[in-house]
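Going in written order, the chains are labelled A, B, C and D, and every chain counts its residues from 1.
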Amino acid sequence: MASRFRHAALVGKYQAPCSRRVLADVAEFLAAQGLEVSLDADSALATGIADYPALTTAEIGRQCDVVVVVGGDGTMLATARALAEFNLPLVGINQGRLGFMTDISLAELRETLPAMLAGDYEEEHRGMLQGKVKRPAADDTLEVIHESFAVNDVVVSRGATAGMVELRVDIGDEFVANLRADGLIVGSPTGSTAYALSAGGPILHPKVAGWALVPIAPHDLSNRPIVVPDSGEVQVEIVSGRDATVNFDMQSLTSLAHGDRIRVRRSGGTVRFLHPRGWSYFATLREKLHWASGAV
Amino acid sequence: MASRFRHAALVGKYQAPCSRRVLADVAEFLAAQGLEVSLDADSALATGIADYPALTTAEIGRQCDVVVVVGGDGTMLATARALAEFNLPLVGINQGRLGFMTDISLAELRETLPAMLAGDYEEEHRGMLQGKVKRPAADDTLEVIHESFAVNDVVVSRGATAGMVELRVDIGDEFVANLRADGLIVGSPTGSTAYALSAGGPILHPKVAGWALVPIAPHDLSNRPIVVPDSGEVQVEIVSGRDATVNFDMQSLTSLAHGDRIRVRRSGGTVRFLHPRGWSYFATLREKLHWASGAV
Amino acid sequence: MASRFRHAALVGKYQAPCSRRVLADVAEFLAAQGLEVSLDADSALATGIADYPALTTAEIGRQCDVVVVVGGDGTMLATARALAEFNLPLVGINQGRLGFMTDISLAELRETLPAMLAGDYEEEHRGMLQGKVKRPAADDTLEVIHESFAVNDVVVSRGATAGMVELRVDIGDEFVANLRADGLIVGSPTGSTAYALSAGGPILHPKVAGWALVPIAPHDLSNRPIVVPDSGEVQVEIVSGRDATVNFDMQSLTSLAHGDRIRVRRSGGTVRFLHPRGWSYFATLREKLHWASGAV
Amino acid sequence: MASRFRHAALVGKYQAPCSRRVLADVAEFLAAQGLEVSLDADSALATGIADYPALTTAEIGRQCDVVVVVGGDGTMLATARALAEFNLPLVGINQGRLGFMTDISLAELRETLPAMLAGDYEEEHRGMLQGKVKRPAADDTLEVIHESFAVNDVVVSRGATAGMVELRVDIGDEFVANLRADGLIVGSPTGSTAYALSAGGPILHPKVAGWALVPIAPHDLSNRPIVVPDSGEVQVEIVSGRDATVNFDMQSLTSLAHGDRIRVRRSGGTVRFLHPRGWSYFATLREKLHWASGAV
C-alpha cells in the first residue's frame, strides 16, 4: 500500500526516557514503509541517533505531514503543545502501558502502523485551551504577562506557604463564585482524565463541547465541579493568597500576584490524533481505569 | 403595559401544598394584569377555588399561552413533564425558598411579574430526556413496555432486597461499561443540580449539550461520573439484580426484569422557562448551594 | 505436626456456589491432617456430599473448634453472622479471587493450612454490631420488632418509590443531625471496605474502635461521613419517606414505618479470623483496591 | 462566685486581626471578675495596650492558669501549638463567626464567662501530633532536621513546579502504600474538620483514637482516606517529586529532599479546651457545615 504520508517526524524525548534502540527501530520501520523520516532535534540529541535529519519544531511544522510520538501521554502532551499551530496529525506509540493519547503499543506497531500510514485510521480532533495572564498596570490597564496553550488544563494553585488561594471566577460577563481552595483546574475533555479526575472532576467525553471547572480541595464543601460550555471565556482572578502560580499542562508556569487575571478561551486550532481503525474511547477508559478488573 | 400573553394557566397543586389564599391571590393579580386566568383542574380541586375555569392538562395545552406555577421545584417538574408536548412558557413562583426552576418569590411577585407579562423577560430553553423501556419478547424482538419524558433524570435503581444491580451501558453502538452499583442516573443539565449532585455528579451548565451518567454507590471506585453528548442514545440493560426499577423524574416508575433495556435520547421538545430580566444561573447556584455563606 | 484443633466444620454453601468436588477435596485434606470433619447441613444438602456428618449451626457451635469457609466474602459474612454467639475461629478459603475475609487461595491451601492447623497463625478479632428496631406502641412505649447482628453494616434505605428518606440521628443522648438521603450506613471497620466504601466512606483500619456513619447520596452536600467511637449507641429514627427498610449485612431485612428507631451498639461477641503467618491487612487492601496496578 | 482561676493570659494577635478595643474590653472584663490579667507580648505589641503586663509564651506557661484567646480557629491553633508543653486550659472567643475551637461569641461573653471562670465548664482534651523530619546522612544514619507539634495536621505537599509527589507510607513496620498525589494529610480528629475535610476526608469525632490519612488529589482513584489508630507511628517517605514540603498546622514548614522521612506519632501532651456548660460537638458541626440550612 502506498503511504498517505510523505514525511514523518519522530519524537521520543520529553518526559519519558526513550531508549536509543527503540527510537532507531521505529525510525527504521517508518523508513521501510517508504516514508522520509526526520528526528526532532531534541530526540536526536538525547539519543545520539545521527542517521536521520534533525529538525527543529518549526522545521517539523513546515516540512513533515505526520508526527509519530514514542513515549507516554506526557511526551504526547508536550509534542502536541509545541506543534499546536501546525495542525499536524499525531500518532502515539507507548512502550507497554496504554496511554489515553498513546494508544499503539510497540508490540503491535508492525501490524497496526502500515494500514494507518496507508490512510486507514480514525481521525479525532481535540480542542485546546488558550490562556493569557493579565496584570493590572499603573495606568489601570491590563498588561499581558504570559500567554500559552494547553491540551489538558490550565491550573491555578496556591503557593507552598499559603493555606489557600482565593479566586474570583467569571464566565463571560457573569460572576460565578469566589473560591477558597488549593486551586482551580480549567480542564478540557482531554484533561478530564488527567489531573482533573484526581481532583474529583467528571470524565468529559471528547465530543462534549465543554470544560470542567474543578476546584482542588475547596473550603466550601458545596463548591463542586462545574461543566461549562467551551464557547465562553473563563476568567480567574487572584483575590488573595501568597505565591500563587498558573501552569498550562504542568509545562509552562508563571508566578501570580493579587489582581492578576487568567483568561482562558478555546483555541482556534485543534490537536489531530490518528487512531487505529476500531479504536474506542471507552475501551481505553475501561483499561486505564481498570473497569474490567472487577470490583471490591 | 399591554400583556404579551392572553391566557394564563395557574398551577399550584403537586408536591408542595399551596394554600388556597396564596393561589387565589396570584390568580387575582394575574387577572388584574388583564389576563384571562384558568386553574388547572387538580389545583382547583385541591384548593376549592371556583372563581376561574378549571382546565385539564390537554385544555391548558390548547387554550393557554403561559403557565404560572406556584410551589417548589417539584411542582414545576411535574408541570413541565405533564405539559411537555405543548411547548408553553413556564413562570415559577416560590413561597419563600428559592428554587432552581421557581425563581420568583411571592414577595417580589407584584414588582416582577408585570414587566415579564409585558414581554420583558429572559427566556431559557432546557432539553428533556425521552426514555423507552424495552423488554425481550418470546420471538427475540424487543417490546416497548414503558415510555416517558424526564426533565431532570432517568434513574435505574436496585431493589430493596438486592445488594446491587448490574447494568450494561452503551452509547449508540459503543459499549461503555458494566456497572455494579445501587443504580445509575442519566441526568440532564437541569437534573445535574438535583439527585445527580447528591450522588456525586458534576454541575452541568444549562447550555452544555450533554448528560451526566452518574453511578450511585458504584462497587468499582473508578466508576466516575461521565458527561456524554446529548446527541446519542444511551442504553442501560439490566444484567442482574432483583426488583430493579426505573423512574423518570422520580414520578413515573416501572419494575424491570433481567434483559430489559432502557433507552434514553434527547426529546424533540424543550422546556421554556421565563425568568425576570437580570436572572443569573450562577446567582441561583450560589444561593442554593450556600456559596455565599462562607467556608468552614 | 499435631493439630491444635480437633474438629473442623466445613461451610461452602451460601452466596458463592461451591462445586461438590472443591468441597470434597478440602474435606479430604482436612481429614488427612488428622481432624474430625463435619459439613454444615446446608452445604451437605447443596452438594450431596454424604461422607461426613452434617451438622446444624447449633451443632457446629457445640461440637467444633474451628470453621473452614470455602467461598467469597459473602459466604464468610453469612457464616460469621450465623455463628456469632459461639466465638469459633474462622478460616477463609477463596476460589481464586482474594477476599478481605477469605484470604487463602485454593491453590496455596496445601502449603498454608497445615501450619495454621498446628497453631502457627495470626488471630484477628473483629467487632460486631448489634441492632434493634423499636416501634412506638399504642401506649407510647417502644416495642422491639426486630433484632439482629451485623459484621459489616446496618443500612437504612429509602423505598423504591420514595425520592428520599429523612432520618434523625442521635448518638447516646446527643442529637447529631437530620439527614435527607437515599439512606445511611452504620459500618464497622470490617464493613468499611464493603458498601460504605462505595457510598464514599473512609477505610477504617480494623484496630480503630469506631464506626463510620456514611450517608448515601445525601441532599445536603456537607453531610459527610462521620467516624464515631463504637462505645456509644447510634439511634436512627425514620422521620419521613415511604417504604424505608433496614438491613443487617444485606442479609436480614425489615420494613420500617415513621417513628421506628434503629438502635445500634457494639455486640459483646467478636468474629475471630485466623490468617496465615505474615498476613497483612494493608497487603490485602493494596491487592483488592488495585493500588499496585499503577495510576491513570 | 469566686473564680477557679487566678491569672488569665489574653491572646489576640495571630492571623485574625483583633482590634485594640475588643481586646481591651475583654481584658477589663476578666479583671473585673477578679482575675490577674496579662497580655501575651505579641498581642500587647500589636494593639499597643499597655495597661497589663506583657508576657512571653514561656512566662505565660509558668505564671498563668488559664488562657483566653480572642479570634478565629487560626489564632487558637497557633496559641495551642505555642503553649503545647504547658498544659494550660484554653477558652476561645470568636468575633461573630463560630469556630470549631473558638465557640463563645463576644456577644455572649458577659453571660457565659463568669460561670466558666467559677468552674462551671466542660473540659475537653484533644490529642496532638508530634512530627520529626529525618534525613539520610552520609553515614547512612538518619538525622533529625526538623521537629514540631500539630493540633490539626501534618501535611506533605508537592512543589509548585512538580506534577505530583510520590510518597511511601508505612505504619509501624507495616508497608501501607506508595502514593502519587498532590500530597498527604495526616490529620487528627481536630484537624478532620479543617483541611482534611476539603481534601475529601471523613469527620472524626474527637473521642475517636485515630488519625485520618487523606491523600490530596491522588492519581489512583482508589487511594481513599484511611483512618488508622493513633497509637502507631506513621512514616511518610519522599520517593520522588521536586521541592516537596511538610508543614505542621500550616504554620511551621520545611523543604524536603528525596529520601526524607516524616515520622508522626501521638504527642504526650494534649490541648485542653474549656467549653460553656451544654456545649455540643455536633451542634457546632451542624452550624459550621450549615446542616440546619436545608438541602438543595
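Going forward, a contact is a pair of C-beta atoms (placed from the backbone, for glycine too) under 8 Å apart; a residue touches a chain by one contact, two chains touch by 3 or more.
From a predicted model like this one, the values you see are computed outputs, not experimental measurements.
Two copies of one sequence, chain B and chain C, touch each other mainly through matching residues, since over half of the numbers at the interface are common to both. At the far end from chain A, in terms of centres built from Cα atoms, lies C. Chain centres here are Cα means. That of chain C falls 37 Å from that of chain D. Separating the CA-averaged centres of chain B and chain C is a span of 40 Å. Work out the mean CA point of chain A and of chain C, and you get 46 Å between them. Each of residues 197-198, 218-219, 221-222, 224, 289-290, 293-294, 296 in chain B touches at least two other chains. Contacts between chains leave no pair untouched here, as each chain touches all the others. Chain D contributes residues 97, 100, 193-194, 197-198, 221-222, 224, 288-290, 293-294, 296 to its touches with chain B in the complex. Residue ranges of chain D in contact with chain C, taken from their complex: 171, 174-178, 180, 197, 201-205, 207-210, 212, 218-229, 280-283, 285-286, 289-291, 293-296.
Interface residues of chain D facing chain A in the complex, by the touch rule stated above, are 157, 159-161, 163, 181-182, 195, 197-200, 216-219, 221, 243, 245, 247, 250, 253, 289.
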